[in-house]
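Each of the next two complexes has chain A plus one more chain, namely chain B in the first and chain C in the second.
Up next, the complex of A and B:
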């Protein structure tokens, strides 16, 4: 992976403990998470059930709950964990360097 | 002159019209609220729901015992009325909250109470989970929302039958039978994914087995008494469920993307709020369905400056609803539009216009 493959998304401190923010890049949107163990993850920004921004949802442990229908996904694997979410979310590698969060978008 | 009636079915032409107008799976107006505050309100707990469930089941046991003692006397009428209200009304609200997964923090607790409440409410657990998702996606969008309580103009006969669940209840039992033989009706096919059919069929078979068991107990006992405790309360105890449900959206706008226009918040006393699990805060619930029932009063305080005033009570709301329904008998396009306070952003009437700048949550 080259330096150009990693895109700076936000400052690490921009995301509260056990929370999520939205990151838009071009015409794509992503959700960047920070869990209670200070680990960072990234997924597609829209719920796979309906076109709703997960960044308005609730992070509980390693789960993100969609704010519209309470569907849940595992933020570490993208697996759908609660209906009406059935399809998996795409996940993306994340790294934190010098206080900044980088995401690698394929 | 005959008043034209829209086709409220999910399989008619209105769904396509809604799609063309941009009303399907659309983005809705939300009141501004700082992210940090919303996060605090969304936090889940087990305590309130465990407490309320113990109170509910305790009240059911106590009222059930009174009803049993009164059987054969005229005291049975008020005793079973009380039991029926305590059976059916919380069943509906617990079905609702647990279906959202927000009652308890612990997922299995939501699921267990959801399954029990679904049976008590005579609602197939899986189909209604998906029906309710559709209701939240396309709230009161004609041709898309399967949970619109009354058409326009209203059919008074159906509303009257529903006082004792005599319209919706038998329809649901017919669906149980269809599900038992592995069939899903045309409307349900619009919102239940095929991957969920197996669960749907299994649940229906379990429900029908329980019902057959209760009927068998009645035959064995030579009395309707067993059914007076399980199954029949879903009918004779339903009237408060109907009255509550009628206040949620009736008389207000259809085909809009602003819950302040199509949903109603009412102030209620603590007893009614216990039965209803705070669903009287209905604007708040639709706008932020991830906020659990116990935090809705606080959410109301946060956003009320951006919303029409809440109705002062259930009676006020019902008068408003029935007044609007009477007007809709002659003019189906009639809808009540409540004034906004001066602090509020304007209503979003026209989905083709720009959304009033409420938008997503404001970062603190």
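Up next, the complex of A and C:
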């Protein structure tokens, strides 16, 4: 791994406590989360059920809820937690350095 | 007749979710879904939107894929309607002559489009949209340049209008009421949606009764009550839906704007439950007001809930009514029952985005409605729904102030 593998996504302060924002990179879209314990996570941006931006959904604890059909995922593992979501979300490593959030996309 | 089990009449959202939930809660016996359509349970929301645009989609989006049916050991009988319920014998008779014995029965029969009272050959050429096959029928008719008349300014009519415009059709929408979305949506929000349609080129005829539809050499001629004439190539009807209660009525279950259920979704026969569009029930959050909902989420939640009670959970259904409608780049959402509000706090979000909080006499939040891009309102309406659920009482000034984070009010 080299330093270039990390992509600067946003400022750490851009994401509210227990919230999520959308991050587009190239032709891909991601969701970057901050939980109430000030930890950051990243997953694919679209729900695995339909092409709906998860960043418009609500974060509750470590769960993100899809704004359209209320499918839920664990933001730390990507695991589907409530129907109609049944397929896991891809997750991506995140680090916060000097007030910036970086994600590593494979 | 085979072993007695759980039988579900209706292979839609509610029926499918109930079947999976019955198994998830450990029901060890048979689970059978009986459906009239040739397709297994599928998602209906895309029918009026994406699936009218995507020419290559030849199959619906299935809710229970083959591997799920196998995994949960659910028996799915499609293409054969249930024709009779024998309550004393505890069995359902299916059109193919077979009989299904039930321990508990779920009616998830849905609703069917309300028909215009026009008989004869013209009546048969009018288009309704309820099933995937209806969508397949409508799709090629929405070709660029064609003139489409939509009768009815409810969600189906408006979503079809938006999709038809997107495909390049010339759309006239005819609504007998003074405005669109009379039944379910506050007028300020309906006005923003109407403006969006007008900007896209839809022509509205509001307060316009329909006198007559005649077939012409190249399509149809609609005569309105004020004697104006609308000429078009196709007529799409979206004037509401009627709960499908035929079987329930025939076997003597109580009917009241749908199959009459109690707050646990049990019908007047304790072995028979109801869920989804066909079911009317008293809502515990709204003083026991009897309501019936035609909404995707309600069908899902009631299916799941009824399954629990079929197994003896004995819990009242408490979910707050919620629905959405996507038209163009806007989403419209309502959580709760706005008619229970006596005053309103409006939060302007800029552009055409707006939230309305509907407050009861004592200041508790009865409902939240919103319109705008999904990114502007979806989270807010979801938070609002939680506040409605908690019977939160919140100062109207704070609700109206975009500077106050809604999440901080939870």
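Here is the rule we go by: the second predicted complex is superposed on the first by the 106 of 106 C-alpha atoms of A that agree within 3 Å, B and C clash if a C-alpha of one lies under 4 Å from a C-alpha of the other, contacts with A are read in each partner's own complex, and residues count from 1 in each chain.
Quick note on the criterion: a contact is a pair of C-beta atoms (placed from the backbone, for glycine too) under 8 Å apart; a residue touches a chain by one contact, two chains touch by 3 or more.
Since the structure is predicted, the reported quantities are computational estimates derived from the model, not experimental observations.
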* Quick one: chain B and chain C on chain A, clash or fit? -> clash
* Once the shared chain is lined up, is A:100 touching chain B (first), chain C (second), both, or neither of them? -> neither
* Mind working out whether A:88 is in touch with chain B, chain C, both or neither, as first, second, both or neither? => neither
* See if chain A has more residues touched by chain B or by chain C, and give me that chain. => B
* Asked: Can A:56 be said to touch chain B (first), chain C (second), both, or neither?
  -> both
* To do: Quick one: classify A:65 as touching chain B (first), chain C (second), both or neither.
  => both
* With chain C in view, single out which of the stretches 58-66, 76-84 or 328-336 of chain B clashes with it after superposition. => 328-336
* Where on chain A do chain B and chain C both make contact? -> 16, 19, 22, 50, 53, 55-58, 65, 67-70, 83-84
* Asked: Taking the complex as given, what residues does chain A use to touch chain C?
  -> 16, 18-19, 22, 50, 52-53, 55-58, 65, 67-70, 83-84
* **Residues on chain B engaged by chain A in the complex (per definition of touch)** => 25, 35-36, 39, 42, 44, 100-102, 105, 107, 129-130, 133, 136-137, 193, 195-196, 288-290, 360-361
* Contact footprint of chain B on chain A as seen in their complex -> 16, 19, 22, 49-51, 53, 55-58, 60, 65-70, 72, 82-84, 86
* Structure fact -> Listed in rising order, the residues of chain C that touch chain A in the complex are 17, 20, 46, 63, 296-297, 300, 324, 374-375, 378-379, 382-383, 405, 407
